[in-house]
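What follows is a pair of complexes built around chain A, which joins chain B in one and chain C in the other.
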Partner chain A sequence: MIFYQVLVNGVVLGSLYACIAVGFSLVWGVLNIINLMHGSFIVLGAYLALLAYSSLGLAPWWTVAVAAVLFFGVGYLIQRFLINRVVAAPVMLSLTLTFGLDLIIQNAMIYFFKADYRALNLNPALGSVALGTVVVPVDRLIATIFALLLTFALYVVLRKSRIGRAIVAVRVDQDAARLLGVDIRSIYAIAFGIGTAMAASAGTLLALTFPIAPVVSYAFLGKAFVVCVLGGLGSVPGAVLGGLLLGLVESFGSYAIGPEFAVMLSFGLLIAFLIARPQGILGRRGFE
Partner chain B sequence: MSYAFVRSGLVAARSALAVLIAGAGLGLSGASVHAADVIKFGAPLPLTGALSPEAVKAKQGFEVWMDMVNKAGGIKVGDRKMKVEVVFVDYQSSTPKAVQAAESLITQEKVDFLFSPHGSGAAKAASNVSEKYKVPTVAATASSTQVFDQKPKYLFGTYTPNETLLGPLFPLVKAKLPTLKKVALYTRNDLFPLSLAQAIENNIKESGLEVVFNEKFAINTLDHSSALSQLKGAQPDWIFVTGYINDNLLIRKQMIDQRLQAPVVTMITGPSFPEFVKAAGVAGSENITGAAWWDAAVRYKSDDVFGSTEGYLRAFKEKFGSTPDYGSASYTVAAVALQMAIERAGSIDREKVRDALAKLNVNTFFGPIHFNEMGQADSYSPPIFQLQNGKTVVLYPPSVKQGELHLGVK
Partner chain C sequence: MSKFLAIGALLVLLVFAPLSGDAYLVRLGTLACMYAVMAASWNLIGGLTGYPSFGTAAFFGVGAYTSGILCKMGVALPLAVLGAGLLGVVLAAIIGFILLRLKGHYFAIATLAIVELFREVANSATDLTGGGMGLNIPRHEGLGVYQEAAIFFFAMWALLAITAAVCLFVERSKIGFALACIRQAEGSAEMIGVDSTFYKTLVFALSGVFVAMAGGLYASWVHYIEPGDVFDILLTIKPVVMALIGGVGSTVGAIVGAIVYVTFEEAIWRNYLDFSSGIIGLTIVGLVLFLPRGLGSLRLRWRPRASTP
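Moving on, here comes the complex of A and B:
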């Protein structure tokens, strides 16, 4: 039954989208920074996975942890020393800053990795599993599971840990949080670090699925935007729901009205949400 | 493997540096040689912006020619030899700027001859400048007949028309697969892939085959799974995919994921590049057919400065340490054609060289070059090839054929 195949395609794709978007949503929601470097961090994560596999034979699911730690540090430093300087300024300024930084990262990637498309081919290949006539690629299945695990972990951190609660507090009321002794600048840097770590981890997993090249970052960034608006800013479950919704709409849309319109459909959905429900499916202030 | 990874990074860094240095030295280059002994060629290239990877290849194509000619003492013009210099100008991947760049090369840099900017659209736009100043111009990568349909007097294109690219593959497939009936077409919604798909549709109609799936996908599509599920349901004998290397790689990967198999799968343009096999793997690329205006696997004897295709490959490898793909070779042959026209004219007088180009009929490492009355090459059959065991095997034309078509793409 092609219906079930299209449904499974949509769910798997949706989970990948959620994985792409969750860190972006966190940074936008908490810091009110639209981080245009997000796509490039995903691509950098993918290059890390490629390097780890080609030089050490490490499969991407092992590289996830390394990527998370490494890029947490990168994100923390970028926020602490660069973005914190403009974080209180109007959003346009931080947008321009991340745009400029992204140009630097982009050109550095072209410089060091070339503009060629590469792919991470596991040997032996993972193949796909068949349930009746419905086929699911194993690499996408693994990425889906990890994406959901990572997202769940982030959700738990934000809900249960002291730092998580501090991030939420800063998001809800910055002044009150400061009065209660929260170090705002440090929390900002931590939140940005987490967002960057999520992007790079997503990238290591996506290396199995998508061809890797510096220019791919913009496609990821575009999806992250749409997912955030659909799911609601700053909400972890919202990113998952938004991702799934987008994946299903694209999958069924491509099937029903042709693949030519799948990309158009996702941006059409974005506009519809901005008009009818700008806060998204689960959008609200803070993480509860 | 890690060595290769790091090394490719270093090579990239080095070539980026070379581009920078070349750019910085633009105003000075050629200053040491007495101007009268040098023939200047203008090349507007998209060195920055979206098309920059193409420009890197183009520049290599010119440089390998320039080195070879200058090492041999220069181009023979009448009874003396003149060195060559190609002046590169970046037009930032923007067609209006390409036209300006072409004009400034003629008026400011005082070049003797011109090359067209990249692709059919930009070549057509810039051809007005060549006509206005009456400068013989060779287009290296203009395949659409629309570029030449107004019969420009000074423009010559070394690519044969789009229709010639895949037409000869049809009888080959039919001979191997007599039951051939159902064809699927999956096209990137973009200028060149669309015009190519149009040419393929004409070929399909002429062959009396049935199109069971015909869809376009948008630029920046990240997922093809639903379209491919549908395509699989149509059970085609032959699948055509047009697009660029990133699309081809993603679609190929998702075909394998979905266990989508067919006797014949043809992809344009991905398999023309060595990166395709590297990224898709030997198994993933096995038996994929493709075509391009040139491939490093063809073998021609030539009367040009390289002597043969092997000679060209050797010279390129010596200079850049790699095998050229058709992106570089297309620019080299444009320069070679102009050089041979100058030699035949025995002069650098623009009118004489134009007439020599119009009458040109020569053998090059790229294949025989001759232009029809519109100025577009009509003298060679672009090679059709198949990836077998990670290698490119030429199936057509018979003069450079290396193997037989294999059926079955898994």
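Moving on, here comes the complex of A and C:
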């Protein structure tokens, strides 16, 4: 049945989207910063996976941990020294700042990695598994499982760890959190670091399934926007739900009316949601 | 007052640029006028009203495609540009009416999404727009390259003059006052009888019309447009940066900012092609971090503040 194939494709795509968006959603929800660099961090993670595989023979799912640690540091520093200065400024300023930073990263990527598309081809290829009539490539399956694991790991961190509770406290009520002794600036930096780490690790997984070039960052960034608005800001379950919904809509949409309309469909959905239900499917009323 | 003199001098320089006979200068002048139109238009909604619109590119692209398609059908350029403006104002009014109930980040994202949506529409409506192949707009017969460049320079200049006049009028009139009220406290403004929906929609429509006309002129000027080019996110961000350079909230500032930016960007392009976007990114970062009120705020540091008794 073609229906199940389309369904499975949607779920695979959706899990990857959730993983892409969850860090973006955390940063937006907690810091109130729309981080336009998010897509570039994803692509940088993918390049890390490409490099690790071509020079060390390290498969992308091993690179995930390296990417997470490395990019946590990058994100922490960027937030601490640059974005913290505009955290309270109007969105016009903070958005423009992250756009400026993104231009720098983009320029660096084009300079070091060139602008052409590159794909990571595992050798030997992993083939695909078939369940009845539904066929899933093994590399995609692995990427999906790791994406779900990563997302779940973030959920556990936010739920169970002290730092995670502090991040959630800052999200819910900044002033109360400060009164209770939470160091807001450091929580901001940690939250941004986590967001960046999630982007880069998602990127290493995406290298398995998508061809990578500096420009694809904008496509991923767009997905992150849509998922955040669909699912609601700053919550992991929201991002997962939003990601799966977008994956399914794109998958069924491409099947029904053609793949060229997939992007249009997702942005149409975004605008519809912004107007009708800006707090997302889950999530409380988020807009100011 | 010295500010106005400086602007006057710049404008005079711009007007006489084509007389120099230097095609490069004329091109640069046209570009500066085009961006000045966009920055001043953005300032209406982003600066005066305080709604962070990132939708400039949407109206630019719509204008470019409208006039491009009309020109291809044989409509004369002025009519095609008017048509672009007309569609721009209608679309902006509708979009504004719907989206202006959102605030802050949500408004910013929604306007960004409009750009993406329009780009995809232009990409898919292959019959009308040529899709990803782009649209070729025929050249004007019987005109030399330089003559044509000069015509577009003056057209863009005239558009800037109209835009500036309208923006300055809005800034200084009752509308500007209403916008300031909305920017500072929308709820309170409504309570004292400011019809905020009306004013916001009006200003958003105004900020769309001239951008669409600039896009309309641009299409005929460069003879070839494609979705990624005229619905470029950079076209959305640059006007914001220009307004930042000149000081957000001032029409004159936005125009000066546009001229400064275009000059600066051109210098970077010419000298550091490989790193141009990186350097522009650095400039944006420096501007936001150190001069969020624009170049005008520099003066405060140069002159010692007059001591008050």
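In the analysis below, the second predicted complex is superposed on the first by the 284 of 288 C-alpha atoms of A that agree within 3 Å, B and C clash if a C-alpha of one lies under 4 Å from a C-alpha of the other, contacts with A are read in each partner's own complex, and residues count from 1 in each chain.
Everything below uses one rule, namely that contacts are C-beta pairs under 8 Å (C-beta built on N, C-alpha and C of every residue); 3 or more make two chains touch, one makes a residue touch a chain.
Remember, predicted model here, so these are calculated numbers, not experimental data.
Visitor: In the superposed arrangement, does A:261 touch chain B (first), chain C (second), both or neither?
Guide: In the superposition, A:261 contacts both chain B and chain C.
Visitor: For A:51, using the defined touch cut-off, is the partner it touches chain B, chain C, both, or neither? Pick first, second, both or neither.
Guide: The answer is first: A:51 touches chain B but not chain C.
Visitor: I'd like to know which partner A:237 touches here: chain B for first, chain C for second, both or neither.
Guide: Neither partner.
Visitor: With both complexes overlaid on chain A, does A:274 touch chain B (first), chain C (second), both or neither?
Guide: After superposing on A, A:274 lies in contact with chain C but is clear of chain B.
Visitor: Examine A:211 and indicate which partner it touches, taking first as chain B and second as chain C; both and neither are also allowed.
Guide: first
Visitor: Kindly classify A:223 by the partners it touches after superposition: chain B alone (first), chain C alone (second), both, or neither?
Guide: After superposition on chain A, A:223 lies in contact with chain B alone.
Visitor: According to the stated criteria, A:95 is in contact with first (chain B), second (chain C), both, or neither; which is it?
Guide: Only chain C; A:95 stays clear of chain B.
Visitor: Return first, second, both or neither, reflecting whether A:117 touches chain B, chain C, both chains, or no partner chain.
Guide: First partner only, chain B.
Visitor: In the superposed arrangement, which partner chain does A:108 touch: chain B (first), chain C (second), both, or neither?
Guide: In the superposed model, A:108 contacts chain C only, not chain B.
Visitor: Both chain B and chain C touch chain A; at which residues?
Guide: In chain A, residues 111, 218, 222, 260-261, 263-264 are touched by chain B and also by chain C.
Visitor: For the complex, which residues does chain A have touching chain C?
Guide: Residue positions touching the partner: 28, 32, 34, 82, 85-86, 89-93, 95-97, 99-104, 106-108, 111, 218, 222, 225-226, 229, 260-261, 263-264, 267-268, 270-271, 274-275, 278, 286-288.
Visitor: Within the complex, which stretch of chain A touches chain B?
Guide: Listed in rising order, the residues of chain A that touch chain B are 2, 5-6, 9-10, 12-13, 50-51, 54-56, 110-119, 121, 125, 128, 130, 135, 137, 139-140, 209-211, 213, 216, 218-220, 222-223, 250-252, 254-255, 258-264.
Visitor: Could you pull out which chain C residues touch chain A in their complex?
Guide: Contact set of chain C toward chain A: 46, 50, 52, 54, 98-99, 101-106, 108-110, 112-114, 116-117, 120-121, 123-124, 233, 237, 240-241, 244, 248, 274-278, 280-285, 287-289, 292.
Visitor: Give every residue of chain B touching chain A within the complex, in rising order.
Guide: 1-2, 4-5, 8-9, 11-13, 16, 52-53, 189, 215-227, 229-230, 233, 245-246, 249-250, 253-254, 256-259, 275, 278-281, 283-284
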